[in-house]
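Here chain A shows up in two complexes: once beside chain B, once beside chain C.
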Partner chain A sequence: MERTSVSKPRAWRDLGARVSMVVPAVLVYVALLVVPVIYAIYYSFTEYNGFPHRVPEFIGLDNYRTMFGSDDITGTMVVTAVVAVVGAVAVNLAALGLALLLQRTNRFNTFGRVVMFYPHVLSALVVGFLWQAILGPQGVVNTMLEKVGTDSLPFLSDPDWALWSMILVIVWSLFGVQLILYLAGLQAVPADLLEAARIDGASPWQTFRAVTWPSLASTVTVAVITSGISLLKTYDVVVSLTGSGPAGSTKTLAYSILAVSFPQRDIGLASAQAVLLIVAAAVLAITVLVLRRRAEDDAESIG
Partner chain B sequence: MKKTLTSAATVRVAFVSLVSLGMLVPMYLLVVNAFKSQQEILANPFSPSFGTATFQYLTDAWNNPDFSILKGYGVTIALVLCVNALAMAVCAPAAYVLARTSKPISRLLLFFFIAGMFIPTQVILVPVIFVLRGIGLMGTLPGLILFMTATTIPFTLFVFFGYIRVLPRSLDEAAAIDGAGRYRTLWRIILPLMRPIVATVFILNSLSVWNDFASPQMILGPGSGVYTVTTGVYAAVGQYSTDYTKVFPTLLLAVIPILVIFVVMQRHIMSGLAAGAVKG
Partner chain C sequence: MTMTSTNRGSKARGAALAAVVPLLLVAACSSGSGSAEGEDGEIRMMVNLTDNLNQAYWEKLVKPFEDETGLKVKIEGPTGKSVAESFPQQLAAGTAPDVIQSIFPDDDTAPELIDLGGEAWAKGTPMFDEYAMGDAHYAVGVGTQTQSLIYYNKTAFEKAGISGPPTTWDELTKDLGALEKAGYTPMQTAGDFQTGLQLQQIYHPTLNQLHPKWQTAVADDRLSVGDAYKPAFQMYADWIEAGYIGKSDVGLSPSQADGNFTAGKVGLYTNGSWFAASLDKAGDLPFEVGVFSPPAAEGQAYPGPQGATMANPYMIRKGIGDEDGAKQLVEYLVTDAKAVEAQLGSDGVFRKGAESKQSGVDAQIQGILDDAPALVAVGEGQGNVRLPVTGFNPKFTEVAQSLYTGAGPADAAKSIDQWVDENR
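After this line comes the complex of A and B, so read on.
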């Protein structure tokens, strides 16, 4: 048996083994995620209709000018931002609130958690169709309203209502995930601190502010970033719930890319919109991380 | 000793019960109305129709000539299994090496992979189409599998990395002294220890692959004639969204398998999700 220090050829063989273990992941990841992002950036500066024999023509920032100059697209940006911001706030408030209520483990609470989470296992497309059958002009709710003699409500047929209806549906289907994250985070809140706060006579709100909330910091970061990014790419639910209408009031950027610019063979514009979304996601993630870092620093300087 | 409920607790139980009921109403409507005729649905959407319930509409949805739901299940399950197998086959070795090498290059690679988590994957589908066309896989299942695998790599690798890093290095050293190479160490020592995290990743990746609509819609396209559950539902329900005798039964058939799996495995699914996120 060779028990001496590792010999040269053996070290080389080990290096080869290690490289060969990393390469497949790098290849798939680079080929189908990184290269497309680079392509998106490149196409965003070109005019290109996607036909294989045509060469993309470099046009500088024209696509971005078109994008920010078009009322239609700036409208979709506003819709996307509203969905992402309002949705993320609502999802996280609902999830944190319910997590505090369902924190103790007993049968009733376990049942509650399962019920809150189940929409997540349904695909967003199905969720949209289902809610369309409930909120649509001929849907369940309006049929009931007519039966009791009240006017029907324009959940999906009025531009103002439709956006809020869609956000409601998204929150319904999404907050269960964040609820589970917050429940996991609450488990990590130090029990002795809670006990100490109780003995000191702190009110539930004071205890939450001083003990629970600071210990939840990393959970909040994860929950806000993940919900924010998944809201930024809202597409499936638009397809099935509203079809981006009425009057484009629920048209998100992702819908505009996949269902408008791409079918119109405007690859340059679709790519510019994609780049905008990628930048928005990065900014969101970095902002949340920086804010958290600063909050931690503050907490340390106080402590 | 039996504790009497305080008023605060009563309010809490009542509130949670109400929210739970609200969460369940859509599912109740879906089940109840899948057995009713259009007139009945429009007249009495909320009440169950024990007297007139019929399986006819479910059967019609099952035998829909535009979209065979059974095939949809098959394609989707195949997709779930292939993506999981491929993602783990490429991520486990890579995560193992990255977790065991503390050189700057491995930190850099890890960061490079994690950055992928911030890419909203649906919005890069347009350039993905051109990449797949370039390698001749556009409109095919292998192409879809490759793309979905790529989208799961950042999360899978990150979670595997976190898990392997806590496994003691002495295990590797012992294996190396016994003459085992990297592959053998991974296969015989590390992987068996990774069972819990593999289960977690399997569940979460399966959910996202099963529910994805944009990728199969764009990559397979209607021309390929291959439908997953979601694209099939879109084809079957999309243009008939006011014919509720098509909508409710088709949606019910689409959600039954995943709901059954969820109810049976809910504890593992939910604790897996929590574990996967906290590992970060």
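After this line comes the complex of A and C, so read on.
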């Protein structure tokens, strides 16, 4: 009885201490992230120009109908999906491959890691302008091709070439962070398992497949989700590299929100597009997590 | 097992939430209110910052006003890509400046602006009436920027055996062929915003002869944009097909296109009067520059109406702390002789009756402006002559670029009409 009466106040105090530590973070999170999203969802059902004196007019699903009925916007969805899927695969393959090459610590690899991370330090706008000077019709590459008597290549002037050029540039600018993630992940691969594989006579590929890859599962999940979301939000490189052209062939959903719908003060439509991006990001994250879980379950059942 | 599943589920939800968080910020951009005032005695003015009109230029321009009135003018560049993009965003966020330069009012922004129609000093400013919305006058400017000009290389014309600037579309097409044979790029175009702008610029006089106040006709459903521009699309497509316009130009930056012209590689280059400032900045060129007004429609008098916009427009936001100070500043900028002269000499701005020093190219442009039978609204339009949609110029650029990438004139016309219908 006595013990219970002493422990109850302590339990309440502990609970109070925990709550007091959590509440500020929850309040900041709700105020800065949850409330704006709720506003965005609300605005997506309204016609509104964003100005304080105007009252948003409720129009139901009209913005969503406009969004999915407009060739313009559905075209941006397709471009965004291509950029996100192809870009995420390319970024992660490049980052993982380089991480495997640079995982051992020596002077050359340390230098190599710095060089590989360098593109991520640059502003995405600078990256776009830089690559425009390289890939443009009168850029470095085409000038050199002309000097050696070869036809120039339409990196930025053909719709298909421009899209792939843009993906290449985005991959170049993004893979630095993924490289760091994979390097960190590789440090966590159990050394005794690698040693055991080596003693058992496993080839490098067999070691990678049986030991390294399963150990990197969490890293891969985080890297794919973070890179996928970065790619879904592609905006700056579009502005500075292609300006969404030629003929809108590189116009992404984020560009459409920030450079088209917002400047036109179509806040309702912009919000509907933003909601779609949030849903796409959530679907991407959940899909990757489900796939990983399924792979783990399969591995456990085989084991 | 249960524990593991729960943990997995919880981790999955946590990771999914963490993954979604950065995107929430995108949506967060759509909310916000409040107001931002400058410090006491300070007027915040958002201006268009360019190579010619940089921060130092603006600060020097307002310095005499500051010295005379004791008011401080804080020059601010756009926080986004442009003033047009930044001003509405700042209005929504409650951080909009007091005075806004370089853009014009529309139905959304007009209620946020002060009507300057009652100010005696405003009434004599250039294009005051053309920019009226109903009976209200929200913008006052320093002069006129002429939009529809074709700059040409006189040396190239001589080498190609062309006796003088063309006045009909057939003559222009023949001249393009002659320039190509003489080894020049017949007509320089560019990517980015310039693709659509140039096509509009070259076609303004014809379009406004065939369909006066065409923006109003579109608004009243008497004309479609596709029908209005189809002949221009056809002509452009023919020139691209013939090689008079480089297909790769669509990936070229406007500054590179400027550079090609000033390097003497090009016969014709469509641009606005502001290009005269770039020519001045380029120094001595290896050729003499000529300027002419684009051809007129068949059977119509030449020259046709000039596409023109109010140059250096200024607007004042409603509800600011020092409304009188802001009005004094705008009055100074659009009426003070020295301030006007400084602005006329800065970026291809022209004003009737102004006695500013003019280069040879400037004098030719002044002549074109003086000879124009009318000054007409361009692009989306202005004042009471406007299209029923916003965002016309970027969309038109997209459509014009499609002519470079394989679309036909009919496709282009259909595409712009579809967009107008979706956004009307």
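In the analysis below, the second predicted complex is superposed on the first by the 270 of 303 C-alpha atoms of A that agree within 3 Å, B and C clash if a C-alpha of one lies under 4 Å from a C-alpha of the other, contacts with A are read in each partner's own complex, and residues count from 1 in each chain.
By definition in this document, a contact is a pair of C-beta atoms (placed from the backbone, for glycine too) under 8 Å apart; a residue touches a chain by one contact, two chains touch by 3 or more.
Owing to the predicted nature of the structure, the values given are computational and were not obtained by experimental measurement.
*Asks:* Since both structures carry chain A, what do chain B and chain C do when superposed there: clash or fit?
*Replies:* Chain B and chain C clash in the superposed model.
*Asks:* Would you check which partner chain A:V239 touches, where first means chain B only, second means chain C only, and both and neither mean what they say?
*Replies:* A:V239 sits against chain B and chain C alike.
*Asks:* Regarding the shared-chain residue A:L122, is it in contact with chain B (first), chain C (second), both, or neither?
*Replies:* Once the two structures are laid over each other on A, A:L122 reaches chain B alone.
*Asks:* A:I257 contacts which: chain B (first), chain C (second), both, neither?
*Replies:* In the superposition, A:I257 touches chain B and chain C alike.
*Asks:* Does the superposition put A:G87 against chain B (first), chain C (second), both, or neither?
*Replies:* Neither: A:G87 stays clear of chain B and chain C.
*Asks:* Could you look at A:A282 and tell me whether it touches chain B, chain C, both or neither (first, second, both, neither)?
*Replies:* Both partners, chain B and chain C.
*Asks:* Under the stated touch criterion, which partner chain does A:L33 make contact with: chain B (first), chain C (second), both, or neither?
*Replies:* both
*Asks:* Quick one: classify A:R293 as touching chain B (first), chain C (second), both or neither.
*Replies:* Second partner only, chain C.
*Asks:* Examine A:D14 and indicate which partner it touches, taking first as chain B and second as chain C; both and neither are also allowed.
*Replies:* In the superposition, A:D14 contacts chain B only.
*Asks:* State whether chain B or chain C is in contact with more residues of chain A in the superposed arrangement.
*Replies:* B
*Asks:* Looking at chain A, which of its residues have contacts with both chain B and chain C?
*Replies:* Comparing the two interfaces on chain A, one with chain B and one with chain C, the shared residues are 32-37, 39-40, 43, 50, 52, 132, 136, 138, 222, 226, 229, 232-233, 239, 254, 257-258, 262, 267, 270-271, 274, 277-278, 281-282, 285.
*Asks:* Tell me, which parts of chain A touch chain C in their complex?
*Replies:* 32-37, 39-40, 43, 49-53, 66, 69-72, 132, 136-138, 152, 154-159, 162, 221-222, 225-226, 229, 232-233, 239, 242-249, 251, 254, 257-260, 262-265, 267, 270-271, 274-275, 277-278, 281-282, 284-286, 289-290, 293
*Asks:* For the complex, which residues does chain C have touching chain A?
*Replies:* By the definition above, chain C touches chain A via 8, 12, 15-16, 19-31, 33-34, 80-81, 84-85, 88-89, 91-92, 94, 108, 111-112, 191-193, 195, 246-253, 256, 390-391, 394-395, 397-399, 401-402, 404-405, 407, 418-419, 422-423.
*Asks:* Hey, which residues of chain A end up touching chain B in the complex?
*Replies:* Against chain B, the touching part of chain A is residues 1, 3, 13-14, 17-18, 21-22, 24-26, 28-29, 31-37, 39-40, 43, 50, 52, 98, 101-102, 108-109, 111-126, 129-134, 136, 138, 140, 143-144, 172, 177, 180-181, 183-185, 188, 219, 222, 226, 229, 232-233, 235-236, 239-240, 253-254, 257-258, 262, 267, 270-271, 273-274, 277-278, 281-282, 285.
*Asks:* Give the list of chain B residues in touch with chain A in this complex.
*Replies:* 12-13, 15-16, 19-20, 23-24, 26-27, 29-30, 33, 42-43, 45-46, 86, 89-91, 93-94, 96-98, 101, 109, 113, 116, 118-128, 130-133, 135, 146-147, 149-151, 153-154, 157, 177, 179, 181-183, 186, 207, 210-214, 217-218, 229-230, 233-234, 237-238, 241-242, 244, 247-248, 251, 254-255, 258-259, 261-263, 266, 269-270, 273-275, 277-278, 280
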